[in-house]
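The structures come next, written out as structure tokens.
Two complexes are shown next, each including chain A; its partner changes from chain B in the first to chain C in the second.
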Partner chain A sequence: MGALGYASSPAAYAVYTVAATIVIGLYLTLTGYGESFDVGSYLLAISPYMWASTGIALAIGLSVVGAAWGIFAVGASILGAGVKAPRITTKNLVSIIFCEAVAIYGIIVAIVFSAKLGAVSTYTAASYFTGYAIFWSGVTVGLCNVACGVAVGLTGSSTALADAHDSQLFVKVLVIGIFGSVIGMFGLIVALLQTGKAPDFKV
Partner chain B sequence: MASEQCPVYASFFGLAGSSLAMILTAFGAAYGTTKAGVGIAMMGTFRPDLIMKSLIPVVMAGIIAVYGLVVSVVVSGNMSPGTPYSLFTGMLHLGAGLSVGFTGLAAGYAVGVIGDAGVKGYSLSPRLFVGMVLMLIFAEVLGLYGLIVALILNTKATNEC
Partner chain C sequence: MLTFNVDDGYLEGIVRGFRSGLLSSSQYMNLTQCETLEDMKLQLSATDYGNFLANEPPPLTTSVYFARLTERLVADFAYLRANAVGRAGKFLEYLTYAYMIDNVILLITGTLHQRDASELLDKCHPLGWFDAMPALTVATTIQDLYSVALVETPLGPYFKNCLSSHDLDELNIEIIRNTLYKAYLEDFYRFVTTELDDVTADTMKAILEFEADRRVINITINSFGTELSKDDRYKLFPNFGKLYPEGAARLARVDDVDAVKAVLEGYPDYRHLFDTADNKTLEDRFFEREVQLNKFAFMSQFQFGVYYAILRLREQEVRNIVWIAECVAQGQRDRINNYVTIF
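Take a look at the complex of A and B:
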């Protein structure tokens, strides 16, 4: 129970959210302000610079989250298994480098997109397209890199443990991590395709 | 240039569809790769000779990511800042992206769990291999259904402003 006696489970919060949405929706509809719920004007009211900057931030931020998650998973396994099998420490750094590559994808995308930014005095339809494209490309590369970093990290941790057991297994189990790293590459490809047609912000 | 049918914000939804196609299938593929991969590594310490044949679930999880990539490329290829883009097309593309995305997420989850259990059983009894591959194919085809629906939706797109 919460501090004031309300239910505090996740399901209870979901019910509160739905109830609040219904109450606000009914209030707006019944007082004649129903048209103020306008997704389109909300999307146009937010500046394209906000969309673009958020996309760039999420590109690098989420990519680094994925890379960090993978690196700590691999690192903890290498250090744990390396107590009894110190020979694995240098060879298994390649799994950590695969996770680092995920962060590199993010920073490449962030730098390429930041080159498209420039100050303009009025927004055109093309500048809105660029803003939306950079936002969704940043979200794509960020979240795909989270998935990729976690996959490569957990399979890299299994690689380290298998290598500690028997060094013949290293290459065979590393192949699984390579399949995982392809996912981040796909996110990078989609992000570059989406913004490939987006024109720079210019006067 | 903008009109009722082709508002400026229509491309938001099309780009959302393209992104969500890739993101959700990436999560499904990552789950499948990880779950099956950890099982293969565990199994490989006891039966290293079976590792190469056991990589099939990992490959099938990767194929699910390719389904998402195909839809993303097709959807973003139909969008361009100069050409007219209707809200109808934007919503169709959003639907296409969500359909391949959610089916890919579910298919990747299924491939992961089946692959994990399958390789562990295969290491104990080689007769299970064919059964495991059949089950993986059925799970993979779920993602393919999402791809089919996405492509059907995409062909309906018209940009009359």
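Take a look at the complex of A and C:
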């Protein structure tokens, strides 16, 4: 029973994978097909449309994840704190608006990039450049917006609780959240810079 | 912290709302200026308590105050329990076990002395209510009591480690209570440090360690002049806390209050407990320290320590108001300021 347990543990899977890789690698090398393991030609065989579309998907998808994370964090706190202090409910919607701005950065980037898509007859170096640029820009803005959404959301939750306790604290704690929302702006700017020089897909 | 608000964000907001409703020092001052209990009722109607005494027939007494204040506390706690899920629900359950232990001991003693069942049930603390409480009152032998308490309450594991039904007969009921409470504290400490996140653990460790040390000191002082042997005394000490292991071992051997003072000299947190500068009792100093630790619990967000803290601070508020009411009702205003200010 112990041996069977070991045979399916994560360490065992790692060992199997490494062993299989070594066996396949040696087989290819020793039978003269070593050059068929070509990472470069594999990457070139992936269409730049795939890269570009994935980038656009990540831009909007990850940005929305960040915004949603922030919004639920703020919303739960406003709901709880608003029971005792209903006056905070309207003012603290500004934290939710800051989280929403994060999703808007994502959609700006997605729309701008999807305008670059078009039909080409053959892939040129320029089209590969555009594909890679759009992919990594999408990753940039997406991950930055996840971080920004979480930051603004958690500080927005603290803002709601501080405001419920003492209304003079509202603006002071909100400033922290405003600084957090600048992170998303950074992601947007860098993403637009990355694709600034990328030409549209055209024939 | 990142996903805390999914399940527990609403309740944290509610608990912080309760915290901002605690009476402030200026409101306590107003209460101490009152001449009668009716005046106090008027002052309290301006606070979060509102018209909680509206339906009480005159004359008001301090026991009515105590009953209504506790009722409000229990209702608020019941709201928290109704809305808590997952680990928060388990944490709130742990908070009720202390009261359940008191209720079980009360019922066992009362039933053995043939007291009236409904009178006993009235005396039980509502926060420690469990469904089988009436069943405990109809049990006739020790065995029945023990098996009902073991099976129907979540306190079963605490009985298991220390007692058998044979012991329930012979051992002093206070020793049973203290043994159960020791097992409960140790279990709660284990729960907080292993199963919850570290922010809660940081807050609750400080509070629970103080609770353990407080029990060590109280058990030591209360056992002077009784026939509790030193080994039995040591067996009642919890196995965590600042005084564990050396301080507890030394306190298990002492015989008078001066020796206790000497042992505590080595612990900066507890050195001041026996100062005779102002006439506060040891109990008062313990309450003050407890209030201080519970106020610290509100300094962090996204943790469960605030539930424990609000329960203890509300209890302290009830004690304060009842103390002031007693002083006002009896006209003895010289010690009316002996309450522990919270904010």
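What we mean here is this: the second predicted complex is superposed on the first by the 166 of 203 C-alpha atoms of A that agree within 3 Å, B and C clash if a C-alpha of one lies under 4 Å from a C-alpha of the other, contacts with A are read in each partner's own complex, and residues count from 1 in each chain.
Just so we're on the same page, a contact is a pair of C-beta atoms (placed from the backbone, for glycine too) under 8 Å apart; a residue touches a chain by one contact, two chains touch by 3 or more.
If you're wondering where the values come from, they're calculated on a predicted model, not measured in any experiment.
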Partner chain(s) touched by A:150 [first = chain B, second = chain C, both, neither]: both
Partner chain in contact with A:53 - chain B first, chain C second, else both or neither: neither
Touching partner for A:63 - first (chain B), second (chain C), both, neither: neither
Superposition-derived comparison: chain B or chain C, residues of chain A touched: B
Contacts of A:85 with chain B and chain C, given as first, second, both or neither: second
First (chain B), second (chain C), both or neither touched by A:158: both
Which of chain B and chain C A:95 touches, first, second, both or neither: neither
Partner chain in contact with A:77 - chain B first, chain C second, else both or neither: second
Partner chain in contact with A:198 - chain B first, chain C second, else both or neither: first
Chain B and chain C contact sites that coincide on chain A, given as residue numbers: 150, 154, 158, 161, 165
Touching residues on chain A, where the partner in the complex is chain C: 69, 72-73, 75-85, 150, 154, 157-158, 160-161, 164-165
Interface residues, chain C side, partner chain A - complex: 1-2, 5-6, 9-14, 16-21, 301
Contact set on chain A toward chain B in their complex: 40, 43-44, 125-126, 128-130, 132-133, 135-137, 139-140, 143-144, 147-148, 150-151, 154-155, 158-159, 161-162, 165-166, 168-169, 172-173, 175-177, 179-180, 182-183, 186-187, 189-190, 193-194, 197-199
Complex contact set, residues of chain B against chain A: 1-2, 7-9, 11-12, 15-16, 18-19, 22-23, 26-27, 29-31, 33-34, 36-38, 40-42, 44-45, 48, 51-52, 55, 58-59, 61-62, 65-66, 68-69, 72-73, 76-77, 79-82
